[in-house]
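Chain nomenclature is as follows: A, B, C and D, assigned in order of appearance, with residue numbering initiated at 1 for each chain independently.
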Amino acid sequence: MSISVKTFDSAAEAARALIGDRTARFMGGGTLIMRDINEGEQSFSTILLAKDQALKQIHARGEQIVIGAGVTMAEILSSRELDFLHPAARSVGGPAIRNMATVGGNLFAAHPYGDLATALLTVDASLVLAGGEQGMPLADLLREREREPRPVVMSLTVTRPQQRAFRFKKVSRVKPKGVSLMTIAANLPQQAGRISGARIAYGSMGAAPMRVPAVEQALEGKTLDETGIAQAVTVATSGVEPPTDAIASTWYRHEVAPVHLKRLLLERAS
Amino acid sequence: MTIYKGRGFACINYPIGMNLGGDPSQALVHSNPDGKFSVALSSIDLGQGMKSITRQIAAETLGVPVEDVYVDTADSDTGPHCMGSFASRGTHRVGNAVIQAAKEARAVMLEAAAEELEVNAADLETDGKGNIHVRGAPSRSITTAEASAAAQFKHGKTVAGRGIFLIPLSDVDPETGEMTPVSCYAHAALVVDVEVDDETGEVRVVQMNSAYEVGRALNPRLVEQQLVGGAWMGMSHALWETTEPYYPDRAHGPVDFNEYLMPGPGDIAPHDIAILERPAPDGPYGGKGPGEMCANPVLPAVANAVFNAVGVRVDELPITPEKVLRGIKANGGAQSQGTY
Amino acid sequence: MSVEFRKDLFADERDDNLNEIGKPTRRQDILGHVTGRSPFYDDHLFEGLLHVRCVRSPHHHARIRSIDTSEAERMPGVVKVIRASDVPNNFNTLLSLLNFGRDDEPLISDKKVAYIGEPVLAIVADTDRQARDAVAAVRVDYQVLPHVLDVEDALKPDAPVVNETYPNNTFDYHDKYDHQKLRFGDVETAFSQADKIIEGRYQMSPIEQAPIETNGAIAAPETNDRFVCYTSTQALFFSLGTTAKLLNVSSNRLHFIGGTVGGGFGGKVDSLVEPMAILACMLTGKPCRFVWDRPEEMQVGAPRGAERWYLKDGVMNDGRIIARKFTGYFDAGAYTRLSSYAIIKGTAHLPGPYTIPNVSSDVFCVYTNRTPATAMRGFGVTGVDFAIESQMDRVAQAVGMHPVELRIVNAYRDGDMKAHRREAKNCALIECAQVAAEKASWPIRDEFKRMSSLHGGGGERARIPYTVTDENGRIGERRSGGVAPRPTTVLPPATPAPPPPAVAPTPTAQPDYAHPAAAPPYTPLSPAPLGPPPATPQPSPPLTKEPAEPPARQANRPGYSRFASNSGFRRR
Amino acid sequence: MTKKPIQFKLNGADKAVFVDEGQNLLDVLRRGVGDLSPKYGCAQGTCGACTVLVDGEPYLSCLVLAQTMEGRQISTTAGLVVDGGVDPLQEAFMENFAAQCGFCTPGMLMAAKALLDRNPKPSREEVIEAISGNICRCTGYEPIINAILDAAGRGVGRRSA
């Protein structure tokens, strides 16, 4: 089917058009959908675009930062407010991809992509959808993102992590740009030298980026040192069923997840 | 975590060309009236520098400046037959064909010059700068442009030449494999230093030192291109590449450059190269062909270095972190084989 | 990174005073490359260009019951559906141009597919997207067949037949054997005399050539009833000849233009895009473009096939390898392409750049239900070099020798006899090993630094030994289940019976360069005490024995094979 | 199929062209307006051969929906040549033998151009990062990195003995 393109002034209109049209896709930066078009993907034939400037905004309200779904990785990298997300944004693609790929698109990027989404899981990201729905936790979207109709995300709200509490590691076979073998994001707030409210997320370790509750619980109240993290490392893959793909096998991901988790946790915060 | 250092060595030889159908290539060389030459081929420049190396060979043989020669390839209406660009045959086979064609064209040019200078053509030589002069008497000279013009407008001669290079086909004995496969061999030896992470099985190539014997480096920078790029490819074959990650299972075959793994610009290792030249008796100016052999020693050298580092022999390419890690675990830990 | 020239080596064999040769002249094509003006095949614009895409098999192995194109034909932009029956001569093998091997592969397969991605139909449309849409609308009814993916499984008597031209799942060599043999000396006897036996199994992965420019061609009608074809081919006349054969058209009606190619590495020899583009052009009368996309390039385009090698070495304690035996399996995939020749080339390469007095090898070109394999940089050699040089490291470890010194001890030298029965000339392995070790500051002992490719070869090392042969592996024997051992025969030496072999020739003018004899054990771990002092050079045991009975059986040797179209060939 | 008219600037010159609705910018540049310098290597965004600058920033033209380019400024390798002279970056690529087959070269040049326009004195690591989305199969990257550093006046160069 030949492709048709519909352009809307607001994301809300685009979202309405998406409902009830299974052949339509909402396009953000295009890095995923254009590839599908180029390769003749038959599951959709209509592209929805929104010229909505709200999609491009970044603004902070105290510790809360709202990031428009149309913000690109490059725009994150030039935002001081989002400095904690820079390592994650920089890990996506090369410079050209980062000029195009958007926050919203990253939420729908299939395995092994979605490194930014992995990071966002650890900063309490919640979503504003174009239909008006607010406060949907990102984790909920990621669990059901294949389900039709796909929502149009307007923006995400994240909570700025404590100083030096956020860490990010993308394990890749190719340097400096390679797809993820495993991505780990950690938000490790501390109170009186002990971890309180840890958030750990993995990318490329399942169908979608995910939080790892077993590790989070094992870190609670612990110190960030070899002894303190020992239990967390032990349960690094508890409840995780990593896939086999062209990059690595299930076995290998299981084996090295504790290693990379441990290294990230013991890394000196920059 | 421990990073284990390891060193590996490998050396190889490489056959130049093929034993198929005589493996022929042809070349045509001709000049315009002003002594500017064209070489017509049907050989392919895949990036290895076919157009450039045959241009230099033609200029050397004709005795004219390289700027006076351009190579046109590949148009089947004008370029004569060539088997193709593979088997490291281009420099050797096509180069020889170009020499033969250029010699024939040069002879016509020198005959014309001899007639103009009223000397014997056998007493003439070219200076490579566009002049033909009497040997030992540089003042008695004529430009290649004048000689070509004279040939074409006064003497009615075509300043042109035809060349073909053929290695007689060698029969293969079904019982013993007796044959003459090719006519010359290039050589290489390479030392690779690696670091292996004993917890992840990741291997990093930290240094390559190599010696490549190429017959003659017809253009040292083009040889360098092949050796540097080829060794990178060897490293890539050793540690990264496969279309079937779980061979012989066909699942998870990569379909893009994200899944088909090759070392990125951040993975490259310093590579210090020595080039040796033992001219091949039948090579064009002794040249062999460095295009393929440059990758070959890297693969086993890396495998040997990994063994030296952690005591794991990975005999199945590519040497992925997974295979190394499985080996380390099977041995109950990394077992350094000592430092060389 | 650094590059140095070792002009001191082999200086007397070279004249370095040339005008242009040896100069770092810039590439002729470099200005075009950096300005984006170099004309690659796809850089030719045509008004009304049509686009070709293929319907491809999703199965490893299947019979095609029917193909329904009714919906596809009605789709917008579709100009032509190309079926197998549209290909004038739909059966080919690449090396048929050199009369090597039998035709075994259709351009378009409408009866049976033998690998995932095999083309069963092609569609020509106004745009690439329209062609893709129409491809998606074609319905093919497949009857899935059992498949085989492992080379050794494919050799089993009950393995599915992959390629009907070669029903034994192996290429037929010389109309006689299911593999190519190399026989030099008597490996089995030498194994029994060796101090150590070292064995290894090595597996090379399939690898994609991965040129950044994918395979492709644009064909257009010329005014004089000819066709012009801009192509990515690595072999212009190979592709032209293949096209002429498949399309049954006179070769001089084809005008091929190429030569500026965005990388090949062996992946642009197979000549699959040119015939398809020209056929589309013939059938539509319009310029047609057939370009593989990246997934096709990676998974349908032929890779360097996988290779599996088994090596067995007989080694003396001083590091000399006295026997080396190979069994090799090239995974050709579903069709022959160039794998059959790679085995010839690989066989001549054995046993590596070493002088080993007893060598034997059996190498099989095996058909499996995977993407047909083809050439890649180092074709026929890269995989076995990996095996050989990994094996050399095992040998060094087993005898406790420095890996570089072990290579130098065994290295071939000028005048040595190689296993394919030709004298080694122009050798430089020893020098490369010495220089590489020096660059890496990896000390080798002085006696090894003094050795040379120029000295110590020939003499006894030039001898062709008595050779044990056999007739195992006759075509069809394995598949019929009967692999009865056949009596071995001993071929007479090429020269009259040689004198009893001695390991080292008598030193003459330059004793330092003499053939290396026993070397002391190498101790890899530096803290370990040095090994015992070097053993006195000993003559090695005879490595070949007199034939048990007079060699007589010549009758079973069919004629040598020729791989050319010009003389002495056999039409199959 | 509906065609859409769009206008943009290509290397400073006005272009007007009809595009298919799902057509990518690479295809429009090459077949629509005849700029053959950006190359088709994958149409997946994984090789970088089609890199162009859009308003000065590197984009993968194969992943750009052409009709969104209305009014934008697009630069390609074909536009690097000014008044018949080559850009210092092109000169550095030639001098450093930084191309073999030449197919990745236009994309590589545009990635490098974007870097140097923003950061005239990049470090080696910054050069590596800048070309990390561009694949070269021939050179092993070293000559390309050296060429870009050279163009920035930071050439450490190759050592030749």
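Here is the rule we use: a residue touches a chain if its C-beta (ideal position, glycine included) is under 8 Å from a C-beta of that chain, and two chains touch if they have at least 3 such contacts.
All of these numbers come straight from a predicted model, not from anything done at the bench.
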A-D or A-C, whichever has more C-beta pairs in contact: A-D
Distance from the mean Cα position of subunit D to that of subunit B, given in whole angstrom: 29
Rounded Å distance, subunit A centre to subunit C centre (Cα mean): 45
Mean-CA-position distance for subunit B and subunit A (Å): 47
Subunit B: positions in contact with at least two other chains: 46-47, 49, 221-222, 224, 228, 230, 233, 253-254, 256-258, 260, 262, 264-266, 271
Contacts with 2+ other chains: residues of subunit C: 1-5, 26-27, 29, 76, 129, 210-211, 260-265, 293-295
Shared interface positions of subunit A, touching two or more other chains: 2-3, 37-39, 176-177
Chain-level touch network, classified as line, ring, star, complete or other: complete
For the subunit D and subunit A complex, residues of the former touching the latter: 1-2, 4, 20-22, 24, 43-45, 48, 51, 54, 57-60, 62-65, 67-68, 111, 114-115, 128-134
Residues on subunit A engaged by subunit D in the complex (per definition of touch): 2-5, 27, 30-31, 34-35, 37-39, 47, 49, 74, 93-97, 99-100, 176-177
Footprint of subunit B on subunit D - complex, ascending: 42, 44, 46-47, 97, 99-103, 127-128, 131-132, 135, 137-145, 158
Subunit C residues touching subunit A - in the complex, by the definition given at the top: 53, 76, 129-130, 132-133, 135-136, 293, 295
Subunit B residues touching subunit A - in the complex, by the definition given at the top: 1, 199-201, 240, 245-246, 251-254, 258-267, 320-322, 325, 329
